[in-house]
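The same chain A turns up in both complexes below, where it pairs with chain B and then with chain C.
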Partner chain A sequence: MFELLGIPPQALFGQLLLGLINGAFYAMLSLGLAVIFGMLNVINFTHGAQYMMGAFAAWLLLGYLDVPFWASLVLAPVIVGLIGIVLEKLLLKRIYHLDHLYGFLLTFGMALVIEGLFQLQWGSSGAPYPNPIPGGYNLGFMFLPTYRGFVVLAALVICLVTWYGIERTKLGAYLRAATENPTLVRAFGINVPRLITLTYGLGVALAALAGVLAAPIQQVSALMGTNLVLVVFAVVVIGGMGSIMGSIVTGFGLGMIEGLTKVFYPPASNTVIFVVMAIVLLVKPAGLFGQTK
Partner chain B sequence: MTSQRIGYAILIILALVAPAFAYPVFLMKALCFALFACAFNLLLGYAGLMSFGHAMFFGMAGYFYGHVVKAWDMPPEVGLLAGVLGAAALGLVTGALAIRRQGIYFAMITLAFAQMVYFFCVQAPFTGGEDGLQGIPRKALLGGLIPTKNDLVLYYVVLTIFLFGYGAIYRFIHSPFGQVLKAIRDNEQRAVSLGYEADRYKLLAFVLSAALAGLAGATKALVQQFATLTDVAASTSGEVVLMALVGGLGTIIGPVVGAFIIITMQNYLAGFGQFVLVIQGAIFVVIVLAFRKGVVGEFAEWWRRRRTASSR
Partner chain C sequence: MAETLLKVAGLQSWYGESHILHGVDFEIRRGELVTLLGRNGAGKTTTLKSIMGIVEKRTGSITFEGQETVGQPSDKIARRGIAYCPEERGIFSSLNVDENLSLPPVVKPGGLSIEEIYTLFPNLLERRRSQGTKLSGGEQQMLAIGRILRTGADLLLLDEPTEGLAPVIVQRIGEIIRQLKTRGFTILLVEQNFHFAATIADRHYVMEDGRVVDTVVASDVQQSIGKLQAYLGV
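For the complex of A and B:
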């Protein structure tokens, strides 16, 4: 087989696949953050905790009720999304008139409470979730585990469906209009507060769906979303929250860059995304796809 | 303001006799966090910039102090200076990048940089990784004049450092520089139209805040004789926000009160493990929803209302 700059192709493509999978999660999570921010003007710090809740919901459904993975893929986001709606009605609703910072602090507090409670109940070491589609294909230049291939495809489909829903449907049009000018949209007889609640529920469900997809790859643990959400913040700063497609492209792209760094200079793989963020801030402070708002 | 002077006099007397009633090491830790919270509040309360990554200055200064004192065998004064200057340099680099965005993005950028520093500290050889820097010797200050092995003596040293930092912040806020900062916080466009270069003022405030957070972090390493990953972690950044918020943002004494409340709470709940996190999170939620002025802010308002009522 050929070699590239002294790197065996198995390692290169293996890491690229890992990067693609990480990128899939960055894309799904930053998409949810962008949708929520557009409508609520809140950066949802609870996003990582809700991703974790999605994984836990799938794990608990399997353990206690024997619900298979494919059913959890629908059920878990619905459950976590409903919990999100309750949180929005009880807490978030009260701070929309305040500075954005308070939303950040409130959702940070919510994340601490949720992650703390899960740690108290199930500890911080993880539990495994069985792989729903074991096996894989030998592609000649690398081995592709079927499930991992499925995750990348599923994430792409989820991202495109979300993009289509927001950019091409009537509900999405209401949503974009309410983001631009809520008062005017309300004057047309559209229930904007309900639209806001719904948006938060959908954004949270998206995080939970990512969590279910992650469950068979990662350990299901209370802290699985803590560090991830910080990286996703950097992704959001790099991409800018102005465009849906921007979030998707940035998410996958950064995952690949991270994967390549793991091949060529492993010590920097944890920090490369933050370095990219610093460079983007220097060159294009509004983010690659952002408008200054 | 005579009532303010009386208040400060009472507080200083309390601080002087406090070791008779409480464990000095606990008091020193609380003072370090109080200075840290004041430094954070200088930025948020007076420049309107919320940094969610202040742990990078606090924690890195601890590492700088430990490395200079332990590996290079320098006196503690040099260690403290290294901590302050190192944190200020880090503040200059991260601040120059972060002030290119405003509001919520600023918070996310500082958070991301702090996470980068955290990952750096996990891998860098001089931080000791997961073990941290252990057993930093407590050497005498001023060329042997002040022995720091005794906790009581060290308490007064730490109190002096704290008062120095607090005094510096008081001077900044009440100087023309502080007035311009407040003007930028309240209406940036207007301040710019009056000819002030807002970005320069913001950056200076950021560097000052970072340097003072560094002073707090280096002092904590002097007291506890170790520097670990906890101090650079995102949770510490969150804690300092909580302290300032509980005490009262934009009040000069508030962060001190907040730091003592949170450190005392952590002390009593130390045996309950993750409950501390749950309770801290719940406090965040309650304060943001109901008591946004914090303990000192709410008290000041109650006091003002009482006085206007009695004068009528």
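For the complex of A and C:
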């Protein structure tokens, strides 16, 4: 079998596939964060907890109501999105007029409370979720598990549909305009507070959808989103705060970079994204796809 | 005589702690073109914003088609049939010309179609796919006016539509505003350029220190020119 730079292809492509899968989750999560930040100006630190809630919702739906994975793909995001809407109405709404720091602190606190409650009820050790599409394909140079291939494709479709919705539809035009000048958009007769609530709900639902997709790959646990959210924040900063396409491209791209680092220099794989973030911030402070205001 | 479309009585407004309007009174009848004249800081723009519900703290009374609007949010006021074209034009950089034009929702029947708007502003048709903020100042102003004509609103609030524009564009904007009046729109125009306003308005309200201090009808402008120049400091 051939080798690339002394690396066996199984190792290289295996890590690249892992990178692509991680990238798919980075893209979906950073997309939701970018949408929420663009519209609400709030850095939603609860995003990791909401991703975890999506996975838990699917696990609970299966365990208690026998709801299959495919139905949970719709139900769990709706349930968690609605919880997000309640949180926005009860708490976030009150801090929009304040500095970013307050939003950051509030959502960080909310994440701690939510994760603490889940830990209290279900503990910290993970629970398995059955793989809905077992099996895989031997591609010769690597083995591709079917479900993981599905996750990458599903993430791509979700990202592109979200991008289309924001960039090519009337509702998306309202959203983009309200991001620039909410006062004027409201003076045109558009209910901007409702638009904000809806955006937050959709952003949260996206995080939950990523959580449902992650459930069969990872163990469903109360802290599954804690570390991920840090990486996702780096992705959003690198892509450019609020940039939709930036989040998608950067999410997948950084997942691949992380995968390649695992092949060539494994000790740096956990930090490479943050190194990239530092370099991007030095060279282009608004991020790769962001616009300086 | 046409019915009163908008009646403002004892309007007071604040930006934070700053008291800007100290009791503004005036009215506009359906189909009229009325201007608010005055020096910088007289309260003209704040009056428009207060009518639109953008200024949060306001007291007094603003009735539109006989119904009170003070206390209502701006989206509800817009849906009653008042459209606002701000001084800074408010063109969205993330939207192209087409998207900017079709952004405000239709609130009543009787608005212009996109095709009619492009007929009125042919420059915009040529640049319909361009980013809104890449247009020239004159084109942006036309876009800002064109955008509110789709909505079917009865009352148009235009805040200094000629500001910073070349004379030839000012003339064109004047022609368009006259056409809009002919089509039956009621217009409240804030304007610093008195010579422009004098050629198109039915009536002028003069503002000073957050109050309306004088009214001049179009037929009396020539006799009142000295008084108006003194008010406006020109």
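Methods note: the second predicted complex is superposed on the first by the 292 of 293 C-alpha atoms of A that agree within 3 Å, B and C clash if a C-alpha of one lies under 4 Å from a C-alpha of the other, contacts with A are read in each partner's own complex, and residues count from 1 in each chain.
Throughout what follows, a residue touches a chain if its C-beta (ideal position, glycine included) is under 8 Å from a C-beta of that chain, and two chains touch if they have at least 3 such contacts.
Small disclaimer: the values here were computed from a predicted structure and weren't measured.
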Touched partner set for A:E88, first chain B, second chain C, both or neither: neither
Chain B versus chain C as contact partner of A:F188, first or second or both or neither: second
Per-residue touch tally on chain A - higher for chain B or for chain C: B
Contacts of A:E258 with chain B and chain C, given as first, second, both or neither: neither
First (chain B), second (chain C), both or neither touched by A:T179: second
Which superposed partner A:L112 touches (first chain B, second chain C, both, neither): first
Doubly contacted residues of chain A, that is, touched by chain B and again by chain C: none
Chain A-touching residues of chain C, taken from the complex the two chains share: 52-54, 73-75, 77-79, 83-84, 86, 90, 92-95, 99, 102-105, 107, 148, 151
Touching residues on chain A, where the partner in the complex is chain B: 43, 91, 94-95, 98-102, 104-106, 108-117, 119-120, 226-227, 230-231, 233-234, 236-237, 267, 270-271, 274-275, 277-278, 281-282, 285-286
Complex contact set, residues of chain B against chain A: 50, 52, 97-98, 100-101, 103-105, 107-109, 111-113, 115-116, 119-120, 122-123, 234, 238, 241, 245, 273-278, 280-285, 288-289, 292
Complex interface listing, chain A residues touching chain C: 170, 173-174, 176-177, 179-181, 183-192
